[in-house]
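One chain, subunit A, appears in both complexes that follow, with subunit B as partner in the first and subunit C in the second.
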Partner chain A sequence: MKRNMLFVVCSIIIIVLISLSIFIVDEREFVIITQFGRVVRIIEKPGLYFKLPAFLENINRFDKRVEIFKTQPIQLLLRDKNPIILTSFVCYKISDPLTYFQSLTNKDVAIQRLSDMTISTLGSTLGEYTIENIINTDAVKIKLSEIEEKVISVCNQKAKSKYGIEIISFGIQRINYPTIVLESVYNRMQAERDKEAQRYRAEGMEEFTKIEATAAKEAAQIEAEAYKKAEIIKGEGDKKAIEIYTKAYSKDPKFYEFLKSLDVYNEILKEKTTLILSTESDLLKYLNYKEKDEK
Partner chain B sequence: MSILSEIKIIILQSKKYYYTVILGLFVLYLCSGIYFISQNEIGVLMRFGKVIDANVMQGIHYALPWPIDKVEKVPIKTIKRIIIDDFLDLPNNTFYKNTGLASYCITGDNNVINISCVIQYSISNAVDYILNVKDNEILLHNMADNIIIKCLLQLPVDEILTYSKIKIENYIKSELQNKLDELKCGLNISFVELKDVKPPQKVQQAFNNVINAKMEKEMTIDRAKGEVNRMIPTARGRANRMIEEANSYKSTAVLRAEGDTKRFSDIVSQNKEAASLTKKRLYLEFIKEIFPKIENKYIISNKDKMNAEKFKIFIEKLKE
Partner chain C sequence: MNIKQNASITAVGLNVTLTVLKFVMYFFTGSLAILSEAWHSLTDIATSTLVYISLRTQQKREIKTPSAVSETKGKKKVLRDIFIKIKDAPLEYKVSFCIGILLLIVSVTLFKNFIYYKPVIIQYPLVSGIIFIGFSFGSYMIYKFETKIGTSEKSIGLISDGMHAKADMIMSLLIGFSLLFYKLGLNIDRFIALIIVLFIFSYAVETLVNVIISYSKREREYIFRYKIIDIIVSIFDKNNWIKAINFFKEHFPFYRYLKYVPLVLLIIFSCTYFSTSFYIINYNEVGVIERFGKPLNWEIPVLPGLHLKFPWPVDKVLKVKSSVIQNINIGNTIDDNVFALLWTKEHGDKEMFLSGDNNILLPYIKVHYQIKDVFKYLYCNKEPLVLLESISNRIFASIFSRYSFDDIISIYRGRLEKDAMNDIQEELDKINSGIQIISINIKDIHPPVSIAGSFERVIASYQEKERLINFAYKNKNKTIPEARGNAEEIIKNAESYSIKKVEYADGESKRFIMQIPSSYESRSINKSRLYLDKMKECLKDKRKIIIDPKTGIPEIWIDFNKILEEKRR
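Right after this comes the complex of A and B.
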């Protein structure tokens, strides 16, 4: 019975010891084994590993995956002294766990260091560019990606050797004007819009006048043509009438003269007319009527 | 000793149960390796931390129990949605609260604009998704911000507000996908849609004014067209009237001429004797009509010279 008991106790102790010295390394992590703070082993491959049990050897796990953080917005000056406020983000991963472990105590420190480093690099890089390289309707002149690439390569030179960190990606996440500049931007936008609105209205009026003028011209043309046609028709009428008159009157021009003269007399002899007639006139010849006249 | 002897008695008494319990626990432990993968998921099976099967399909599966195997379930077929509203001037904007800066995007012609977009994405590669990046969604969000500002920095504000919506969406989609692929993020962008695109509140009025002006322009042009529609027919009407009047003038003139000449012709066409008489008659009728109207009529005789002299004096007196 005593042997049996001993067996049970021993096996329990062994299980406990084994469980304290076996550990699994995930695909997503690095492990650094330290013995009282001294680095003993670095494990970069996943799998099942053994170590001295409990406090004799410590496991320090580090994430292999890409970490991401945002920097604080910061006002920087471009080469043309234009101020601009930039917020950026940084993606990094641990490339050398040993250096990382030795130089940086934890993630917060790493982020702080990287943040300082990228912002100062960004500041010095921006000093080589003007506002035209950032804001421009000509896409070729925009050098934002180039700036980002430069920051990555410059920072990586330091970060890799000093901190064991590789910056995978760096990007501007936000661009702001300083508040005073923004006010003037608003004012300019306002002015530009007002100008545009005015332009549209003027264009409308111009178009209106143009269309109306064309129409007026067309209308005048129509009326003028009609006038011409009408005059021709009237002329034809006159011509025809004259022809009729001429044809008729030419049969006896003297009689026509007689009739027309009567008409004219009728017109010119009014109430106030003083008429002096000779007794010799044909009309009054009968006033001196004598029998012999008949002969 | 008494406790140990008691345990010994219990063990001896329940030896059979003891084995049964241990066996039962062991079976339970083995059973804990059974797992389910649902329809929209994919399983990544890891043994001692190492991926041994990256593509466990839906259904019931068995893995060796903890701590040997571990299964990560990745919702590969679920379409997720993220709203990028960093460039909207919202009242509860954390960026504004932290920095006092307004949120907006700068355009290529130095205007500012508020914009938001919806991105739909799904996981395209489960292994990349779980192994390469710690916070895939945060990465996606920041990358999207970066690409949106880059895109708008090269476009004039009018283009952004009007016709380049689809162009911007396509640009964001392809650039974002490129960036994510570069980082082996395991995400696939299926859809990008610009949701809000509007000028900042402060200058909204001015932008509306432009839209109104544009509409006014259209209206003015329409009014001009209406005017044309009125002017041309009116002119045509007047033209028609002119021609009609001319036509009636023509026919009237002809008819009158015909009428006028009819009488004349009739008289002329008589024989000479009759014509002469008619002539005389007409003359006398005329005299009869006209003479009574005339107030002053003087008749003098040519033979009487004296009379003529007297008459001359009389006339002069009258004139005085």
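Right after this comes the complex of A and C.
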């Protein structure tokens, strides 16, 4: 019975010891084994590993994957003294676990240091640019990605060698103005809109007048052309009529003159006309008719 | 009524006041610790009441000896005995048993609150902190008062109730200070609540154990004879266990099957353990198997279905919902309670972006995505979703800063979605996120609400412009056809004139030609005839003065004036 108990106790102790000295390294992590603070091993490949049990060797796990964090929004001055609030994010990964472990210890410290570094670099880099390089409808002048690349390269120089960190990506994710500037931006936007509205209204009047005038002009033109055409038509008619008359009358002009004169007399001698006629005229010559005249 | 009863009733009154005040304060502050403390005070009332009842009953009667227990063994008999015992028990035992159960429920409920703790903003921490320190003085007074009476009258109940009030004082002090700490920025509300919950729990156990034991030992003043510490210690006492086992052996005949319990437990345990080697991948998931942390199936994930693996410490399965299209919001989130998405009405939070022409816009964008590469998704980035959000924000910020506001809200909007999608995908691939953007949906983009009105006025004046233009065209559509009609009329008139002219001429000339006499004789005759006909026509009806020149000068003078006058008339 007692022997049995001993066996059980021993096996329990052995199991506990084994469980304390076995550990699994994930695909996602680096492990640094320390022995009373001294770094003994760095494990970069996943799998099952052994170590001295419990406190004799300690496991320090670090994430191998790309870590991302956002910096707090920060107000910076540009070269043209424009203030601007930028929020950015940083993607980094541990490139040298040992340096990282020694210089930064853990993720929180790393994020704090990196955030300090990127923000100060961003501040000094922005000093070389104007607002035109950040916000512009002319895409060629925008230098956002250039700024981001500069920050990455400057920070990486320090980060890689001193902190064991490699910055994969740095991006400006929000561009904003300070509140006071925002107020004036609002006012400006409003003024711009009012201007625009006024322009539309004026343009409307302009178009209206233009169209009206054009229409009037076209109408006048149409009528004038018609008048011209009408005159020509009339003239042609006249001309033809004259030709016809001439052709006919020239056959016997004397007779025409005689006929026409008769017509004219008829026309001009209206009702109230008083005529003084001589009996010697051809018409009245028969009033004093004598046979002797008939010869 | 003796002095002991007076003291206990005073304690009850004070505790009631304190409890009501504490519940009122919870209502104002919302602190979990205060809620727990209020419940705790409620237990104090119960305690004080019990002390009072026990003091009264002690006066009135002795505890009845329970009816004789029958000697026959058997399960049914035992249960009946217990039932009879309970039925015959004095009132205070029943009451305190119920209180014990109630306290147990309260402590469990509060413990649940503690686990699912949602940080709340505590109102008026400074004032309520000071009030609680005041309460602690109240509790201190109760403690002093009860111990004094208790020692002078030698009442165990009063003394222990006094001790309880002392514990109360410590609780109130703790809460008071925790609230003051909260004011200073240190939130230990949850921790204090836990302490109080444990306190209530221990009190509940204490009450229950004391009720049972003191009843079975037939003691009169039973309350708080056994402290919680004694109870905990007794659990580890070997003799108690032996007693319990013997009790079971006597009363429950199925004790002999007890030796199979370890075997059954072992079987259950191993079944549970080996069942972890089966795993199910759902219809919309894929899985990755890790053996000792190393992914087994690089490049090809495990497809839906039932699969086998080594049990727990060896193999681990990671499931990813890869075929589900998920979405994240960029910029503002639409408040779904808003009836319609109008520019002039607030319908989300206020995330602003800047456009290339320095305008402020508030976009509402939904990015739909899918997990394209499970391995990259799991092993390359720690927080792929934060990455997706940050990158999307960055791309939108840079796209917006390149275009003018008017373009963004109108002509460029469709193309913007496509451009943003390409850019975001490019960045995501560069950083090996394993995420595939399915679509980008710009639900709404609007200017700040305060100036949305002037944007709408622009549109209104644009409409006004269009209206004017249309009106002008309407007028034009009237004048031009009219002019054309007039023109046609003029021309037709001219043509008719011309035709008339020509035809007249033709007719007249033809008539003339026909009138021309063919020979000389006929000419003179016809001429005379025509002349005379015409003269007849001409001179008919007209005033005529005929003068014969041979007769010399006429005798009449022509009065022209008269003639003209006549004519005028």
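Keep this in mind: the second predicted complex is superposed on the first by the 202 of 295 C-alpha atoms of A that agree within 3 Å, B and C clash if a C-alpha of one lies under 4 Å from a C-alpha of the other, contacts with A are read in each partner's own complex, and residues count from 1 in each chain.
We adopt the following convention: contacts are C-beta pairs under 8 Å (C-beta built on N, C-alpha and C of every residue); 3 or more make two chains touch, one makes a residue touch a chain.
Keep in mind that this is a model prediction, so the values were computed, not measured.
Of the two partner chains placed by superposition, subunit B and subunit C are both touched by A:I134. Once the two complexes are laid over each other on the shared chain, residue contacts for A:F208 go to subunit B and to subunit C alike.
Of the two partner chains placed by the overlay, only subunit B lies in contact with A:I85; subunit C stays clear of it. Of the two partner chains, neither subunit B nor subunit C is touched by A:V8. After overlaying the two complexes on the shared chain, residue contacts for A:I180 are found with neither subunit B nor subunit C. In the superposition on chain A, A:Y227 contacts both subunit B and subunit C. Once both structures are placed on chain A, subunit A residues 24-28, 45-48, 63-68, 70, 89, 91, 134-139, 142, 144-145, 168-169, 171-177, 182, 185-186, 188-190, 192-194, 196-198, 200-201, 203-205, 207-208, 210-212, 214-216, 218-220, 222-223, 225-227, 229-234, 236-238, 240-242, 244-245, 247-249, 251-252, 255-256, 258-259, 262, 265-266, 269, 271-280, 283-284, 287 are touched by subunit B and, in the other complex, by subunit C. Contacts from subunit B toward subunit A in the complex involve residues 4, 8, 46, 48-51, 67, 86, 95, 99-112, 130-135, 138-139, 142-143, 145-146, 149-150, 153-157, 179, 182-183, 199-200, 202-203, 206-207, 209-210, 212-214, 216-221, 223-225, 227-228, 231-232, 234-236, 238-240, 242-243, 245-247, 249-254, 256-258, 260-261, 264-265, 267-269, 275, 279, 282-283, 286-287, 289-290, 293-303, 311.
Put simply, subunit C touches subunit A in their complex at residues 290, 292-295, 313, 351-360, 378-383, 386-387, 390-391, 393-394, 397-398, 401-404, 407, 427, 430-432, 447-448, 450-451, 454-455, 457-458, 460-462, 464-469, 471-473, 475-476, 479-480, 482-484, 486-488, 490-491, 493-495, 497-502, 504-506, 508-510, 512-513, 515-517, 523, 527, 530-532, 534-535, 537-539, 541-550, 558, 563, 566-567. If you check the complex, the residues on subunit A that touch subunit C are 24-29, 45-48, 63-68, 70, 89, 91, 134-139, 142, 144-145, 168-169, 171-177, 182, 185-186, 188-190, 192-194, 196-198, 200-201, 203-205, 207-212, 214-216, 218-220, 222-223, 225-227, 229-234, 236-238, 240-242, 244-245, 247-249, 251-252, 255-256, 258-259, 262-263, 265-266, 269, 271-280, 283-284, 287-288.
Only residues 1, 5, 24-28, 45-48, 63-68, 70, 73, 85, 87, 89, 91, 134-139, 142, 144-145, 168-169, 171-177, 179, 182, 185-186, 188-190, 192-194, 196-201, 203-205, 207-208, 210-212, 214-216, 218-220, 222-223, 225-227, 229-234, 236-238, 240-242, 244-245, 247-249, 251-252, 255-256, 258-259, 262, 265-266, 269-280, 283-284, 287 of subunit A touch subunit B when the two sit together in their complex.
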